[in-house]
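Just so it is clear, A, B, C, D, E and F label the chains in written order, and each chain counts residues from 1 on its own.
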Amino acid sequence: MTLSARNRLDGKIEELQLGGVMAHVAIRVGENLIESVITRRSAEEMKLKIGDTVSAVIKSTEVMLEKK
Amino acid sequence: MTLSARNRLDGKIEELQLGGVMAHVAIRVGENLIESVITRRSAEEMKLKIGDTVSAVIKSTEVMLEKK
Amino acid sequence: MTLSARNRLDGKIEELQLGGVMAHVAIRVGENLIESVITRRSAEEMKLKIGDTVSAVIKSTEVMLEKK
Amino acid sequence: MTLSARNRLDGKIEELQLGGVMAHVAIRVGENLIESVITRRSAEEMKLKIGDTVSAVIKSTEVMLEKK
Amino acid sequence: MTLSARNRLDGKIEELQLGGVMAHVAIRVGENLIESVITRRSAEEMKLKIGDTVSAVIKSTEVMLEKK
Amino acid sequence: MTLSARNRLDGKIEELQLGGVMAHVAIRVGENLIESVITRRSAEEMKLKIGDTVSAVIKSTEVMLEKK
């Protein structure tokens, strides 16, 4: 099964905060902390919890670049 | 200067392809290759070239999670 | 394997147009035609062709509503 | 009046949940359930309620594809 | 007819560039120049041309903030 | 420091509402009110408050067009 989204970063959940509609999830990926906002429903249906191994998946049109 | 986007991954440009309107840029971030699609105009105005140090910047609402 | 994106619409590819960087794909989902723009690279690596069975996958934060 | 967003799926609201800032809306579109996250303010100003006929509107750059 | 997207900026098209799949459109909104990337098909079907009065429409979840 | 996002609108914060996970911010930009949804964490870390001068930053692929 292949998804067209070109970015997939493997990590572990370090923080998980549930709001009324949304959930904030922080994933440790090497030395980076990736933050994701998904629906609370997805977080619950996926049974996400701290320590879980997950991938952050990002469509390439959503990635901006910054140059110093 | 602070941007609300919570994800910033530092890397080096490994590939750069210019189309008519868009540009495809691949950035090496540790063991991951991050792919970004920006406008050709931004790529030109930022004078992006292979080897440049850049950051991939991603709003957290654009980050999905996948669990195996 | 579960993705947090909550929308998945199964259909068949009816049209496929490759540009320099991006690709335009139209998918028949019942009586709707769903249009997707992905990278040309993804279209090629996934070997997409007309008639393929695929799913359109959409993060719920990207879905707007309109009321008449 | 025409909007450039190429996807418009007509359906009926089946579920509506209001959070502090966001609202989660599920729309029945044929055999699919489309989920949308919009601001609570939009949900209130549009006076959305269960049973309303609405369209889900999606920009094509936000549609990913998955192939089995 | 109401769309949930909360941002609508009225302006005039100043530049229009068609690529193979995408189109780049610049709109004068007061002293700002707003740039939009839509599909070439939408640009053609909407018959966009320089001087047209259009609105830029943006979902609020896509708006980042920057503070100096 | 340059960001690839092509739209930057300078304004002043007129409204700020914090939810559990997200924050809703309204910015006066000339005669337009721009609304942004960011994470509550960003709003807090940036110490956003009413009257602050900020820029709304938007990637051009997120801007739709509407023609009357």
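Operating definition for what follows: a residue touches a chain if its C-beta (ideal position, glycine included) is under 8 Å from a C-beta of that chain, and two chains touch if they have at least 3 such contacts.
Computed from a prediction, not measured in an experiment: that's the story for all the values here.
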Chains in contact with chain A and also with chain C, listed by label, are B, D
Equivalent interface to A-C (more than half of contact pairs same by residue no.) among B-F, B-C or E-F is B-F
When A-B and A-D are ranked by contacting C-beta pairs, first place goes to A-B
Residue numbers at the chain B-chain F contact, same meaning over half shared and different meaning under half, come out as same
Looking at Cα centroids only, farthest away from chain A lies chain E
Expressed as a multiple of 5 degrees between 0 and 180, the CA superposition of chain A onto chain F rotates by 120
Relative to chain B, the most remote chain by C-alpha centroid is chain D
Taking each chain's mean CA coordinate, chain B and chain D are separated, in whole Å, by 29
Rounded to the nearest Å, the gap separating the Cα centres of chain D and chain F is 22
Chain-centre distance (mean CA atoms) for chain C and chain D, in whole Å, is 17
Multi-chain touching residues of chain A, meaning two or more other chains, are 1-6, 19-22, 24, 35-39, 41-42, 46, 57, 59-62, 64-68
Every touching pair of chains is listed here as A-B, A-C, A-D, A-F, B-C, B-E, B-F, C-D, C-E, D-E, D-F, E-F
Chain A contacts chain F in the complex at 17-24, 35, 37, 61-62, 64-68
Note: in the complex, chain E contacts chain F through residues 5-9, 24-25, 27, 29-32, 34-38, 42, 46, 48, 52-68
Chain A residues touching chain C in their complex are 1-6, 36-39, 41-43, 45-46, 57, 60-61
Chain C partner, complex, touching residues on chain E are 1-5, 19-22, 39-41, 59, 61
